[in-house]
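In structure tokens below, several structures.
Each of the next two complexes has chain A plus one other chain: chain B in the first, chain C in the second.
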Partner chain A sequence: MSRLIYWVSVTFCASFLILPLVVVWPLAFNPSSFLTYPMEGFTFDWFAKVLSDPGWTRPMLNSVRVALGVTVLAVVIGGLAALGVMMTRRGTQIVLSALFVSPLVVPSVVVAVALAYAFGRTGVGGGYLSLVLAHSIVAAPLVFLSVMTSLRGLDPNLDLAGASLGASRIYRFFTVTLPLTAPGFAAGAVFAFITSFDEVVLALFLADPGSSTLPIALFAGLRDRLEPPIVVVAVLLSVLSVLFLMLLNYLQKRHAAPRS
Partner chain B sequence: MSHAKSQPHGSRFAAFLLLLIPTAIFLLIFVVPLGSIISLSLENTALGSRFVTFNAAAENNPDQRAQAVLQDLGAMDQKQLGEVARMLNQEKSGFRSLILDTGKKAKTIPPSMGGLVAFDKRWAEPDYWEIISKNAGAISWRHYQKVSGLKLDAAGNLTIAKGDLIFMRVMGRTLVISVEVTLLTLLISYPVAFAVARGSRRTAATILTIVMVSFWTSVLVRTTAWVVLLQTNGLINNLLVWLGIVREPIQLIFNRFGALVAMTHVLLPFAILPMINVMRTIPKAQSDASRSLGAGPIETFLRVYFPQTLRGVAVGGGTVFILALGFYITPALTGGPNDQMLAYFIADFVNKTLNWGMAAALSVLLLLIVILLICLGKLIQRMLAKRERAI
Partner chain C sequence: MTSLEIKNINKHYGAVQALHDVSLSINKGEFVTLLGPSGSGKTTVLKILAGFEPVTSGQVLMEGRDVTALPPEKRNFGLVFQGYALFPHMSVYDNIAYPLRVRRQSKAMIDERVLAALDLVQLRKFANRRPQELSGGQQQRVALARALVFKPDVLLLDEPMSALDKQLRHDLQEELREIHRSLGTTFINVTHDQEEAMHMSDRIAIMDHGQIKQYDTAHQLYRRPASRFVAEFVGKSNVFQGEVRGSGSSARFYSASFEMPLADAQTGASTVMIRPEDAEITTTAPNDGRITLPVQVISSTYSGDRALYTLLQSDGADFIAYAPARSGVFPDGTDIFVSFASQDVIALA
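On to the complex of A and B.
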């Protein structure tokens, strides 16, 4: 009896989580323009259509450009913040950590209003720069947390060993601390890229027509008319997410390997 | 040694250098902008900057005030006059015509109280003067009055303006939807987390992969899937018709049902992951011990296992609730007009009417609720930790 309850509830709940995605994706390969089953065949036409339509490819390129900029900036901000915070006392650590994590809990609409107003007033204006700055602020906390985790896992004796052998602070930092936390930085970079690439709300407030990103185009398409190209874009975004998830798993495994 | 342990990788000076750039950036493009929306929500330049002479005039000298009002109104161009008239009319109807008429003739009216009253009798009523001096200041609580539906009348009492409770109703709806979504999320998350923490190795790995794929797929993409599934001629409706459960497609999207289903799905991983973390710390030996002492599997679960997982349920539920409060994209795409939450109206004020003041006031409200909830959560966590230590 209890086994039955267990299996029924687990199957139902896990299906709710994954079935909506699994069931919808094949429709991107359906020749019919109606998004429903049964499928009438198998085609890559919709993919070809999306990849040759500047209405989709331009936002795609914009998204990549913004996300690359965000990755660099967020890794610098988040990484420096984590390295610095680790060197301070406990009390300071708590205050600064709260500051560097806070963008994660503030609703993105509120951040969007604040930044749109601030950028408008200071003349940063809509477009590439404002998107990179805004996304970096919400991506930096993820880099910060990721680097903090790997710094916390670091054995302090390694640094002491370096010191006892006569290495200076700066030399130890570049030859001991940084290489050992590199996987944390790499994972943070992955987080930053995908966060920016998937972000909609800030982009809706800050982008101008020239810097419209893929999620904006997808959002606009969904509001306008539901067509197969929308599902194609959703499939492309999912594939990217899964690839990044695999990359992250690989990074974590490599991180864990030397210690075991 | 203790010194080396607390600061293993450098000195305080190095920490200062490292923290300089990130702290400056966080202050400049996060903390300061957030602070500026507070001032934006109180800002009153549209009215305040138009009554400079009036604000400087002595309050107990009617002639000086009359002269000042005439000078200020005379200095405004047609557009500014219209704007001021519209804003003051919101406080007292009839103000529009008074301002427009007086403004047009401002140069010809004798600059004294007598002259003004002779031009329009309404200037003799203290109400109008009261309203100008209350609204011509550098800051104004106008936006918050609109948000709360409360109004200060001439006597200084708080009154509820009829039909003006729109935003309180939106606030209530936001809270109700967030509670509903949180409960649904917890209900579905629990078995999933349980299977990952307690299931066989293969079940756990499979389900964890499912959770992670879902977590990493963007909110917009998962919402897209639901739009495709729930539309009138979509997969679910076709399935229901094919199975003969319904005769005609039923409305599954652009209503509360659609919004709840999609939001729950999007937020599930945020409840599942903290639950898994807590469930993994509960030793399996406890359940075995309970079984060996004669308790059945259901009794063991309810009395030994479940109470210990409540901490994970609380953390997951709190996270989901806070995230749900600020949701915009998913309800905008799957809900109906009566399922839109606070965030939707904030975006609406910015995008459609360019009313930054109202958008800022609603943002401050949303932010305050979120901060309040986080503090509450921290407090509860601390109390629980204290109790655990006491035991």
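On to the complex of A and C.
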């Protein structure tokens, strides 16, 4: 009976989540410029077209640049926050954790409006820098949570042992804490990258034409011309997501291993 | 020559007072054990010595220098943790080399000292293994090597044997004593195992409820316990509660089962104690002035060289006594006599 429920729910969820994607994918290889079935043949032409069209490649590069910047910034901020919070007492930990995670709960539109206003007033360059800062606010909590989880799993005596052996706090961090929680930092970095890469709302409010990111280009494309390049980009993004999921999965396995 | 001195330390964890006015002075090269039941504050003392916990009041002096506020990394104290706390991502070699690398020693020097430490604990051929690939006893010895390799002024050990089985524990006790003798480092060991404490230590501090009850050699603790708690915690004992009548040379001790004169060393004692090896068992009452109690055998534990009897006194209390067992043991239920000399009666406060 429970097996039946299991299979029914898995099938239902899978079809609900995956079917719409799978139905669209083949159209990326359809020679016709209309997004309709039946397929008229098989071609990579649309891929070539997308990859040689600056209208697509520029937002792609922008997205990668922003996401990389966000990854670095979010790992530093989220990681330091997690390390600091772990050093405080239990009650303080709960309050500070809630505070650091709050950007995940506040609606992006609110953050977007607030930042657009603030950046406008302070003159923080529209575009690249403002996007990195804005995305980092949303990505840092993810790093924070991921690093917190691995720090909680770390035997606190290891740090004390390092101290009793004469190691300063910094030395202990780089020789004991960081190597043992590296998978947590890495998973946080992957989360941060993905979050920035497909973020739309903040980008809509903050990007100028020169720093427009891929999700915005997709959004615009969806409104203007419903053509196969959109599906091509969707396929590319799906492949990227799958790769990242596999990476996360690998990191989590590595994380579980050394604790025997 | 006092090396390490703990002066009037109090320690509160919120509303809980974990240590009450703890003072200890430890000589250079001495092997001192903190012995006490679980929760008596032993680990707290060790944490304060290691610098992991601040004191509420009091001082820790190292060779006369106040180190109370010194962070752990500046103390040069080695510490063997209860769970060993070996670095799981490093080989045995790198674990032991860690404190030397921290101190920026040359590669050649590190190699020499790590190998010497590995030899000391007989683990040279495991140098390249990860700690997880070693047995409990081997991990324990790696932890010991790591805590000793940088020549600490004091080595602190928190229940180093508690996770090991009995045979291994015995072997390691021998090894630890040997290492202590050959290095001459001051060792401070924590245990709740009184046999371990008696085997290894020059002096033992008995702790209970955050206080040091008595600080003395194993022999003094055993023969001259300062309180009923110490008497019952160290070794086996038969305690009698009674009252003192008269004073000076005519003072006598009265309990429900017997009475006796009190010698000078025993003055004013309303609680006394007899060790089981000081009692004798006979089938007839001896008539030589010894204090004699009629008893019945409840049970006996035969161990080849002797037997430990649990005996029932007429007032319903137990009495335990060792007796030679060359010609067998008395069966349970036998009515016999137990006797002891009044000078073997140990006065407790």
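Observations on the structure shown:
Quick note on the criterion: the second predicted complex is superposed on the first by the 236 of 260 C-alpha atoms of A that agree within 3 Å, B and C clash if a C-alpha of one lies under 4 Å from a C-alpha of the other, contacts with A are read in each partner's own complex, and residues count from 1 in each chain.
Here is the rule we use: contacts are C-beta pairs under 8 Å (C-beta built on N, C-alpha and C of every residue); 3 or more make two chains touch, one makes a residue touch a chain.
Quick caveat, the model's predicted, so the values are computed rather than measured.
In the superposition on chain A, contact of A:Gly41 is made with neither chain B nor chain C. When both complexes are overlaid on chain A, the residue A:Leu160 reaches chain B and chain C alike.
In the superposed model, A:Ala234 lies in contact with chain B only, and not with chain C. In the superposed pair of complexes, A:Gly123 makes contact with neither chain B nor chain C.
Contact with chain C, but none with chain B, is seen for A:Pro179 once the two complexes are overlaid on the shared chain. Within the superposed three-chain model, A:Ala81 lies in touch with chain B and out of touch with chain C [touch as defined at top].
Of the two partner chains, chain B is the only one touched by A:Leu27; chain C is not.
Legend: residue contacts after superposition of the two complexes on their common chain; A:Pro103 is shown touching chain B, with no touch to chain C. When the two complexes are superposed, the chain touching more residues of chain A, out of chain B and chain C, is B. Common to the chain B and chain C interfaces on chain A are residues 160. Contact residues on chain A toward chain C in their complex (touch as defined above): 155, 157-158, 160-168, 171, 175-176, 179-180, 258-260.
Against chain B, the residues of chain A that register as touching in their complex are 1-2, 6, 9-10, 12-14, 16-18, 20-21, 23-24, 27, 34-37, 76-78, 80-81, 83-90, 96, 99-100, 102-103, 105-118, 133-134, 136-137, 140, 151, 154, 156, 159-160, 169, 172-173, 177, 194, 197-198, 200-201, 204-205, 215, 218-219, 222-223, 226, 230-231, 234, 237-238, 241-242, 244-245.
The touching residues of chain B, when paired with chain A in their complex, are 4-12, 14-19, 21-23, 25-26, 29-34, 36-37, 40, 188-192, 194-195, 199, 203, 207, 210-214, 216-229, 231, 233-235, 238, 265, 268, 296-298, 301, 322, 325-326, 328-329, 332-333, 343, 346-347, 350, 356, 359-360, 363, 366-367, 370, 374.
Residue ranges on chain C touching chain A, taken from their complex, read 50-52, 71-79, 81, 83, 85-89, 98-99, 102-103, 132, 146-147, 150.
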